[in-house]
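Letters A, B, C, D and E name the chains as they come in the text, with residue numbers starting at 1 for each one.
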Amino acid sequence: QSSESATTDTTEVTVILDWVPNTNHTGMYVAQDKGFYEAEGLNVKIIQPSEGGASSLIAAGQGDIGISYQEEITIARSKGIPVVGLAAIIQHNTSGFASPKDRNILTPKDFEGKTYGGWGSPAETAVIKAMMDKYDADINKVNMLNIGDTDYFTSIKTGTDFAWIYWGWTGIESELKNIDLNFIPVRDEYPALDFYTPVIIASESKIAAEPLLIEKFMRATTRGYEYAIQNPEESAEILLKAIPELDRELVLASQAYLSKEYQSDAPRWGEMKLSVWKDYADFMFNNSLIEKNIEPEKAYTNKFLPEQE
Amino acid sequence: MKKFINTAKKSSALFTLGLLLLLWEKGVSWYEIPAYILPAPTQILDGLLKHHQLLIYHTSTTLLEAVAGLSLAVILALIIGFLLHNLRVLYTAVYPLLVFSQTIPLIVLAVLLPLWFGWGVLPKIIIIVLVCFFPIVISFLNGLDLVDPDQINLFRSMGATKWATFKMVKLPTALPAFFSGLRISATYSIMAAVISEWVGAQRGLGYYMTLQQKSFAIDQVLGAVVVICVLSFIMVKIVDLLNFLLMPWNRNQLVR
Amino acid sequence: MKKFINTAKKSSALFTLGLLLLLWEKGVSWYEIPAYILPAPTQILDGLLKHHQLLIYHTSTTLLEAVAGLSLAVILALIIGFLLHNLRVLYTAVYPLLVFSQTIPLIVLAVLLPLWFGWGVLPKIIIIVLVCFFPIVISFLNGLDLVDPDQINLFRSMGATKWATFKMVKLPTALPAFFSGLRISATYSIMAAVISEWVGAQRGLGYYMTLQQKSFAIDQVLGAVVVICVLSFIMVKIVDLLNFLLMPWNRNQLVR
Amino acid sequence: MAQIRLSSISKSIDGLHTLNNVTIEAAAGESVVILGPSGCGKSTLLNILAGLIPPDEGQVIIDGQDWTNRTGRVSYMQQKDLLLPSRTILDNVSIPLVLKGTNTKKSRTLAQQHMEEFGLLGFENYYPRQLSGGMKQRAALLRTYLFASDILLLDEPFASLDAITARKMQIWLKDFAHKHSCTIIFVTHDIEEALLLANRIYVLSARPARVLKEIALDDSANSTMVKEEILSILDSETGDTYN
Amino acid sequence: MAQIRLSSISKSIDGLHTLNNVTIEAAAGESVVILGPSGCGKSTLLNILAGLIPPDEGQVIIDGQDWTNRTGRVSYMQQKDLLLPSRTILDNVSIPLVLKGTNTKKSRTLAQQHMEEFGLLGFENYYPRQLSGGMKQRAALLRTYLFASDILLLDEPFASLDAITARKMQIWLKDFAHKHSCTIIFVTHDIEEALLLANRIYVLSARPARVLKEIALDDSANSTMVKEEILSILDSETGDTYN
């Protein structure tokens, strides 16, 4: 952690993560380690939350910056919880449906007759249905099982065939474990599902009240992610130094993969497109995942991202 | 007179509850707290009514699990209590481990159990039994130790078998303690069932709460909490009723 | 002789534990169960040793929380026990609500509390106190009721004040019950602290366990469970020691 | 003139008529024994005399003053020793002094001076559970005596002792009362005990208790005859053996 | 010839020498009272006689047969009534019959026939806590009687009753024993009780108990003199009052 040499006007910033600290968050740990936050006069505290998700906590003022994902933000906004996306940490949705090779699941058609291990949310059902519909496959032939918090590798040993994973973490772990997987990326099958995950968020009131603070935070964070993009290995070490509990191999491999995915094909790191917000909101609305549609242009903003040098 | 006092007692607790709810309601509207942070009691009630069919559906599952788990815990507690009481070797070897088992955080188990026992009803029942078994068996064992050794001597002098002595002397003596343990377990049974549903359930109040929570419906989450409290209360009352029915000789001591 | 039996008792429980561990170790290697499903005890031990510095770091946080929460629970239980015992109105109005509070699943609270109380130490302490307070206050109240009314009459006949009677008669009489409640709370205190870290934390065993679980390191998760069990055991032993020190008149009854 | 006078006391407890117009007197230095069957209301009577409960009717007069429903004048010892298990013998017996405001150290010193006479010397730092029944009763007596040494109410103090130990305690108490000229009101259901200790015996009826007979015992009284008399009074009174 | 003979019984419990070469006999139909101070080992002696614990030395001979460390021959009633609170009076007293294999219904019918003699008629379906102390002791006596009607061991059966009730029970028991010509071994620390009930008294010493004196009470015996004799024996024996 950075030394607290900056004396007078350091501002405390609390960041609430979406999950346990992992390679998605590297940029922030880099910014902390390299003194980027300090340079902006910020003292950043990173907290791992409960299962609750960051959105309502951020809206409730229990934290300044949160990490969320597009689906959560969309649901939150449709319920009148005023949170706004500030940057997409990863440009494309790297999640998909993974299954051990021996289950022979090559396309969504093959989901039929298999057991899916999920966390029981209607959104999962909608996504799987959308992908299967393309192949005229019947979602009713999928055995949907709620496995809650159980990790992927145990779930496939205990009766499930496929699950929805992030390649950047679980997929990488499978490579380390030498478990051969078939992987069907969501965005390949259904472009409207190429949503942003994870996303940095803040509440509307925070943005209105302290735009300067947000700007400073985003400037430093951007530097952090840019550094991570260029120096995957060193960044991984920085994350490991901050969170020594993490598995070294996994972090190194994951970071190598993710550093290429942070910015990907976008003009700058973090930039989001209206079409992605609109398409996914429409998808959710059409599938009754939200009761009323949102105004996509209000759900996010790129204005706190620093201009390209 | 006694009846009156009892009624006064009950209504006094209800009064406090009412007062708290009123303060809550007024506080929420006074400070303009948004519903996604803390809904007012009336909003929770609205939510309950709106979702009442769903809630009945999920509640029935949870209740079934709780009753099944509690019943199993009772049976196990009786059997293991009997064994531990009669085999002192077993007692010293197993009892400390039973105590140890209570220190394992349930949520960790909730995550690990499916690993070993799959996704069926088994891991759920294990969690409920683990929660409910302990208070019953401890109280039961304590109750069995309350037996007057002279009473045992009397039965020995009359040439009674060990089993006859257990049935006629020890079991009835241990019943009140057994029931006070069962009462505690009944209080926790619903909560345990809900926790067991945190992982790997397709229905039940725990599942319902997770879902509602993920969609920011705190009113529904708190609604489910209300249902849990009420169910727990009913479970306790059922135990009290059983207590009353099974111990006719003890009846006028039931008044609390 | 007694000493010998005690040693035999303890070693008998240790023997069972050893046997179970051995079965586990052999079973895992016999059935070739992969470590990410069920690691062998030796693997867990390896993990413990590998992470021992980290574990000490996180354990110290959890232990501190547990001790703070438990202490607060004790203070609250003494104060509220005193008030409820002396003000019957309060007793009838508040007691049923206390019981009700026990039926709320902790995980729900762990999710909701940060929403209301933020990230400081407050929501953690609330959870620990909620778990630990109840057994102590219940036992304490029961203990206070054990006082012989004739003893009270005697003190009244000597013109003793209510406070003097409480201090000299009721408190010492209630102490054994108080300690048996405290023992239960001590057993649960570490577990409660771990759950309280579910609420959102930067360090502590709960935080560590979540991290390890999400990094697919079940051996480390189980290692943390071992640490929790051991800590809980130590907490209980500390309570037993306090019990021994604070009740010199009761000493030879401590043997279990 | 009587030092203690309970005049026309009546009392119902929980709707149960317990005392029916009971009048009892004791002169200074006298040992008065109240004898009555179990459950007749003897303890209730002493409770009233000690000021712990108010009578429905009647008055408690001590030294000419009205002490009805007021505590603090007389010392009262119940059937059980009621020693606090959490305190040593010395701390137990010094409780009345501490309650009256004497500091702990001084109370102990004062109490210590009586340990020998009560046969407790050397046991000051023992806990009650470490003593025999007789010793515990003597400790309770000492505590009673230290509260107020002139009037002692004793409610079946020796009922929990075995017959042989009880007899020794009775003899000790008789000597003690004589030496310190205390006024003693002694309640019992044991006729032998009453005969041994009393200057005067009040025989009470079964509940509701009323005074059946007042018997003065001077040196000329033949104890065997008095005993027969009391037995015949009680026999005709108690009625149904079966309840 | 003696029906019961305890010959040279010695016993240590937990390293505590309790019985020291005690020899006691009882002829058929005789009431033998064992009198001794509290804690001397009276109950231990009865436990040995009932076969509940083995003596270290000595033998239990009943009707010429060796019954050492064997239960089932004599009936045994302890100081406490030991009625099961979970059963009605009728069910309580029929327990010995049920334990011997008689079916429940028949046991009840058999037990019912004795309810009147034991003064329990009409209380068959009451629970023990609903009865007075005297009635509970009679129920316990009936249970004892129904197990074996010829030899009854009674361990301070009336010690928990108040003196007046106890006296009535003693008289009732005396008549009963006479009528049914039971052999009774009666343990007590109450001299009056011993004098009333006994054909013969064994006076035991303090622990370790040995027989200090055997006193036969025929009609010519002067009870006051016997009492004085026993008291003087015990007084010299018990030694230190303070423990």
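Here are some notes:
Everything below uses one rule, namely that a contact is a pair of C-beta atoms (placed from the backbone, for glycine too) under 8 Å apart; a residue touches a chain by one contact, two chains touch by 3 or more.
Quantities reported herein were computed from a predicted structural model and do not represent experimental measurements.
Between chain B and chain D, the least number of touching-chain steps is 2.
The chains in contact with chain C and with chain D alike: there are none.
Of all chain pairs, the one linked by the largest number of contacting C-beta pairs is B-C.
Per-chain CA centroids place chain A at a distance of 39 Å from chain B.
As a whole-number value, the distance joining the C-alpha centres of chain D and chain E reads 33 Å. A straight line joining the Cα centres of chain A and chain C is 37 Å long. Averaged C-alpha coordinates put the centre of chain B at 19 Å from the centre of chain C. The set of chain E residues that touch two or more partner chains is empty.
Annotation for chain C: residues touching 2 or more other chains are 37, 107, 111-112, 115-116, 198, 213, 218.
Of all residues in chain A, those touching 2 or more other chains are 51-52, 56, 60, 149, 154, 157, listed in ascending order.
Contact between chains, as defined at the top, is found for A-B, A-C, B-C, B-E, C-D, D-E. Against chain B, in their complex, chain E makes its touches with residues 47, 50-52, 71-72, 74-76, 78, 80, 82, 84-87, 95-96, 99-100, 127, 129, 147.
By the touch criterion stated above, chain C contacts chain B in their complex at residues 8-9, 12-13, 15-17, 20, 37-38, 89, 92-97, 99-100, 102-105, 107-108, 111-112, 115-116, 187-188, 190-191, 194-195, 198, 206, 209, 213, 218, 221-222, 225, 228-229, 232-233, 236. Within the complex, the chain A residues that touch chain B are 51-53, 55-56, 59-60, 72, 75-76, 79-81, 119-122, 144-150, 154-155, 157-160. Here chain B touches chain A in the complex through residues 34, 36-37, 110-111, 114-115, 118-119, 198-202, 207, 210-211, 213-218, going by the rule given at the top.
Against chain D, the residues of chain C that register as touching in their complex are 148, 150-151, 153-160, 164, 168-169, 172-173, 175, 247-250.
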